[in-house]
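Let me begin by handing over the structure; questions about it come next.
Labels A, B, C and D are assigned to the chains in the order they are written; within every chain, residues are numbered from 1.
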């Protein structure tokens, strides 16, 4: 995979997240249903992150995390993003613009990942050195959407 | 509680679901966060099911289950609803019209319940004698929305 | 076009709506942007109505209109659907499950059609002899989604 | 009205939009239905913009416009926001997080305003000296939601 040519893969890597991390989440979501390979996951993840709506949501979400980290936003909204107050819901709104393109299985998986926060999602969520308010939901959205694509491909 | 005066409580009971069943789901969702009583749950559940949008979604969803059960719809759509084919997503669309009024915590909880199908949701989902394609999502939506209301009331 | 083989086209025709009626709406929506032919419209309309989610929403929506017309639902919800009370929103919720698959241009067009109710939408909406509570929103959703597909195809 | 104490009113004014501008849109949307006063509008607008979800969406949307204006985001996403490419849909996604709390009349009004872009929306949309990619949708969302609140208050 030509990682360096894909701006989303590059940006996720800068923020500490690899396609392999996301593939692990997809395999976790699918483990009771189908045995899938890492290669299959990677191929489907790329289809999810290369959609225009996904590109926009991922880039804007990470930009907001970075701006908040550098305290470049107006104080009130900067504080809200930095602290990821549990009543802030825009991180999820952005993530849902990815999820909603992949049907109801994607949504169910997204809610599940957001609730139990496994592996990379928990790691990113607990990272004290960076602001990942939007990033953790973005990762959950990509993994949930990919798992939904795979589930649909088996069922159709 | 004057159960008999509330059309939603009456209708849910006819389909085998009590407010107590739903309260159990709410307590399950909240168990790691706050200790809540059954009375608190019941009070908040009533607020969720008495909203106009919820009344419509619940009555229409149950009507579709009942029509499919009695095979009164055109065959193609009757079969799809009866079998709850996993690619049918309208049951979730209807349920989300309840969930969406209660913010992002409601949505996360809904996805979680829909994935693990605890207690009454599993029971309704596995019931071989009735068609509960819409009902299981409706119950999950009510419980998830109620848990979100309670979470918000503690945080604000 | 093999109309008779397509259950959606057949069902819409039974309720008084042809693909030509919908194509007129699409041409109306696009008139300030691109000159499109009836054939282009028809081709894109078929892509919209042949998606699984659209098939389900259209068949369920029309089934509810028909059940309400024949007074086969519980009285409370039957009355609400028959009268299309302006605070009933489930017709739009169902229609949005089609619209949401076609991006933000589809949504804008849907709101516009729903507000001004041109040609077939107005006709169906004012028909005193049948219940078209769901049908008018379904038509608006198909036309708005098709116009969005065409707009995207010109822009990309 | 103590404008200076309300961060949203202050921020909108900084970007060239007054509550009076938004009230005009509301009166325009309601003109065929009910005669409403400017004072009624203002009161309902305040209820819309003081909801937590609205505060977050408005502050984040305006922050993105301002960051893009000052070219502080990564080039790719900065360019997309600056040019408001018609296939960018995140501005609408953010606006819908306000609209969705006010039911289906709000959504219809939002689509209508976004299509015809009257008064302040057109002005903001055509302003060559600032980046208002998110702002025009935010204004439409506030006006559409307020009109929906007023419509509901007359109907209930």
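In the analysis below, a residue touches a chain if its C-beta (ideal position, glycine included) is under 8 Å from a C-beta of that chain, and two chains touch if they have at least 3 such contacts.
Note that this is a predicted model, so its numbers are computed, not measured.
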Pair joined by more contacting C-beta pairs (B-D or A-D): A-D
Distance-maximising chain from chain C - centres being C-alpha averages: A
Interface composition of copies chain A and chain B: same or different, split at half: same
Between chain D and chain A, distance of the C-alpha-averaged centres to the nearest whole Å: 28
Where chain B and chain D are represented by their mean Cα positions, the distance between them in whole Å: 33
Set of chain B residues in contact with two or more other chains: 53, 87, 89, 93, 103
Interfacial residue positions of chain A with respect to chain D in the complex: 7, 11, 52-53, 56-57, 59-60, 63-64, 67, 72-74, 76-77, 80-81, 87-90, 93-94, 97
Partner chain D, residues of chain C touching it in the complex: 86-87, 89, 92-93, 96, 103-105, 107-112, 114-116, 151-152, 155-156
Partner chain B, residues of chain D touching it in the complex: 53, 100-101, 103
